[in-house]
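Okay, so subunit A shows up in both of these, paired with subunit B first and subunit C after.
Presenting the complex of A and B:
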């Protein structure tokens, strides 16, 4: 079977499984956590394009996610936009910010990119949590423009409650699943297409790729902008689903969780991020009893995987499969 | 006049603090090409080690400093033994060690949280009192930080230029293969560099916590500043890091005075981005010519 055919079959099977979950386990907690898993999975598939396929060590992905989330919340809160209109607008704002970050990192390499993007995310976080100036005054208290340390609330939702009643949460579940399918199809198309070839060429041998006429300027900006769109959209959906946005989305522990998903699944592979997101999310649920040691476990898992299985589970599996096939024939 | 003295005094204090943290990072990057994200967690451990020895065991202050140095050095060594030794020859070392030390750093932070709790504690190893300079009262602990910072810088420079170990470290940083051929035991040098960097981080943990407080997440902010310092100076450039740390401390203090504390770091970052666009390898870094 050809590679696109295989991708299609895997995708259809995964979607079919995911579509039956809310009917097999009609528990509110399961559905909420699965929706959260979809949101994280969107982010890691897009981050993997930058980090794995293009090999640019950007840590600004959660800042782009926050851009989408905050822009959606603010458009809903201050301009009374419907969230269905605010979400794509938030995603486009994330694209613009992604382009600016890409521009700032253009001449930098490896660790310089990592440090600069980390610093950008931290500055955004610090500016938000120290925001205390009154922007709107309600009867009881005053709200700063960015919501400050407590975040933004009451900016509306997707409006599925009027339509579906108590099943609105299942409606949101399918919106999340739909977004994930679109994001995944997009990232597969990019990674397997000519763009992905250009990204990998620049990653593997910058000098050679450039001498063959592949513009680093163009493709580095393209990869930042492309991955920012669905990341921003995931952030926008996060805001719409949980009906609140706070500065916790900048936290190091969330960054650690997402990075662990990519590394466990396999950096730079097509299906690795999805596999990693699912496994890490389930492991995280399983360890809810010993939640105090959650960060400890995640941190050690990340270090162990990098040390022992640097290709991640899917990378190692496909290598073993290739060896087994090779010896069989 | 008073304002200027105040800004310079707080800028120099910040600068000295950043310098101690940044030099450790620069040493490790220079020798191994490794960004140690666990540096902030080692710094936190150092601060808490001094706290534990002085408050809980009731030992004198000197023992507190020794405990911080020992804790930092041991953690640095542990990172070498557990991670670096196995990964050095594997492909994509630079990216992988970054991710691995990020994980270890978060894990260590969690350990501090479990051992000492989330509530901030006061650092017992701090001096009280103030000295008047041009009618401005400057706390003694700020002066102590500045003096300690300068002494540590001098000691590091002495170690690097005047001792056998320092020669070996510099040779390894310049050309690993050539150093190995000259009989330098490169892996042993790497272990030493990580231990020295850890010891420096331990001391800077005391400095940082004596100005603010001890808390499990206290390492994050000074580490971020130390990274900015190293990036501005050019990664791996130890002397550049010393100069850049003092300069950035002064810039941050000025920005905090003129624009408010909120925008100190933001201003710093804008300057850093502009610097990097102008010189992508940092102020003191050299463009590397690579063979294709």
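Presenting the complex of A and C:
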């Protein structure tokens, strides 16, 4: 079977399984966690384009996610936009910010990209939590423009309660699943097509790639912008689904969680991020009882994979499969 | 495209003009006030001892390094300050002494990426590889003899195959000037012959070639004209058959034994 054919079959099977979950396990907690899994999976499929396919060590992804989330919340809160309009607008704002971050990283190499992008995210975090000036004053209290340390609330929702009543949460579940399918299809099309070739060529050998006409300037900006769109949209949906957004989305442990998803699944592979997101999310659920060990467990998992299985589970599996086939024939 | 290159092949204007180019690394002049020209369809061979500045000269011409002074003109356009992408699109493609490759890409993908991006810069490359690109890739696979290795990751290739792949990714950008940095260094005699056969076919298409090579027999048998560098300067420029009679070249580079071998290789009747 051809590679696109295989991708399609895997995709359809996964979607079919996901679509039955809310009916097989009609538990609010399960549905909420699965929706959160979809959101994280969107982020890691796009992050994988930058980190794995293009090989650029950007840690800006959660800042772009926050852009989408905060922009959506603010457009809803201050301009009374419908969140259905605010979400794509938030994604576009994330694209613009992604372009600017890509521009800032253009002349930097390896670890310096990680440092700069982490610093940008930290600055955004600090600006938000130290924001205490009154922007909206109500009778009881004053709210800062960014929501400050306590975040933004009451900016509306997707409005599915009016149609679906108590099942609105299942409606949101399917919106999340739909966004994930779109994000995944997008990342596969990019990674398997001419753009993916350019990103990988620049990653493998910069000077050689430039000598074959591939502009580092253009395609580094392109990968930042492309990956920012669905990342911002995931943030926007996060805000719309949970009806609140706060500075916790900048937390280091969340960044670590998402990074672990990519590394466990397989950096730069097509299906690795989804596999990793699912496994890490379930493992994280298992560790919920022992709160203190969650971050520790995450850090250890990450370290073990980097040291022992740098290709992740899917990367290692496909390598073993190829070797097995090779020796069989 | 074809019509154009035939036209330029007939015109007497030089394709490449290197005009007083120098490249300094601190106090070291790796290339020192060097001037020469290459005509359309011509093959220029460059030789010289290790550290003479040959690779540095290639880096400066192809935009990977910036000239400290001097100018480079290609097809009448000043490309001295242009980046490597633009120079590739202008029609110069080079190979690398260190056998560069996109190691995680398959042989076919290596050629595809060069075909998609190397001829003209696409505004947006799209999500599929166009049939015209595929045909060009197939032709390059055929020409380089790598068709059987199309699915192999470039990182797993042997030395000869890596060298052939670099040439394939170069010619698929449809250059007017091909620059080869030690294309046969480290190859066996049989492999070298295979390489010569491929270059003969490329030459037949009217491409100009500059090739750097230490293997003098290879250099003099392919080149129309030879340029020998030493300490960044030209110490010889002229016909390959006079090379072995030049006292300075024999002293600093060839040695008497090699000069005799070259004379033997250039036995009249073998080379025009």
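As a working rule, the second predicted complex is superposed on the first by the 329 of 329 C-alpha atoms of A that agree within 3 Å, B and C clash if a C-alpha of one lies under 4 Å from a C-alpha of the other, contacts with A are read in each partner's own complex, and residues count from 1 in each chain.
Definition applied: a contact is a pair of C-beta atoms (placed from the backbone, for glycine too) under 8 Å apart; a residue touches a chain by one contact, two chains touch by 3 or more.
Since the structure is predicted, the reported quantities are computational estimates derived from the model, not experimental observations.
Novice: Report for A:149: first if it touches subunit B alone, second if subunit C alone, otherwise both or neither.
Specialist: In the superposition, A:149 contacts neither subunit B nor subunit C.
Novice: Check whether A:209 is in contact with subunit B, with subunit C, with both or with neither, and answer first, second, both or neither.
Specialist: Touch status of A:209: second partner only.
Novice: With both complexes superposed on chain A, which partner does A:300 reach: first (subunit B), second (subunit C), both or neither?
Specialist: So A:300 only meets subunit B here.
Novice: According to the stated criteria, A:201 is in contact with first (subunit B), second (subunit C), both, or neither; which is it?
Specialist: second
Novice: Where does A:310 make contact in the superposed view: on subunit B (first), on subunit C (second), on both, or on neither?
Specialist: So A:310 only meets subunit B here.
Novice: Subunit B or subunit C: which reaches more residues on subunit A?
Specialist: B
Novice: For A:253, using the defined touch cut-off, is the partner it touches subunit B, subunit C, both, or neither? Pick first, second, both or neither.
Specialist: first
Novice: Can A:193 be said to touch subunit B (first), subunit C (second), both, or neither?
Specialist: The second partner, subunit C, only.
Novice: One more residue to check, A:122. First (subunit B), second (subunit C), both or neither?
Specialist: In the superposed model, A:122 contacts subunit B only, not subunit C.
Novice: Scan A:114 for contacts with subunit B and subunit C and give back first, second, both or neither.
Specialist: After superposition on chain A, A:114 lies in contact with subunit B alone.
Novice: On subunit A, which stretch or stretches are contacted by subunit B in one complex as well as by subunit C in the other?
Specialist: Dual-contact residues (subunit A): 205, 207-208.
Novice: In the complex, go through subunit B and note every residue touching subunit A.
Specialist: Going by the criterion above, the answer is residues 29, 35, 82-83, 86-87, 90-92, 94-111, 114, 220, 224, 227-228, 230-231, 235, 261-263, 265-266, 269, 272-273, 276-277, 280, 290, 292.
Novice: Going by the contact rule at the top, pick out the subunit A residues touching subunit C in the complex.
Specialist: Subunit A residues touching subunit C: 189-190, 193-195, 197-198, 200-201, 203-205, 207-216, 218.
Novice: Flag every residue of subunit A that touches subunit B in the complex, lowest number first.
Specialist: 57, 104, 107-112, 114-116, 118-120, 122-123, 126-127, 130-131, 205, 207-208, 252-253, 256, 259-260, 263, 292-296, 298-303, 306-307, 310
Novice: Hey, which residues of subunit C end up touching subunit A in the complex?
Specialist: Against subunit A, the touching part of subunit C is residues 62, 64, 83-85, 87-89, 93-94, 96, 100-105, 109-110, 112-114, 116-119, 121-122, 125-129, 169-170, 173.
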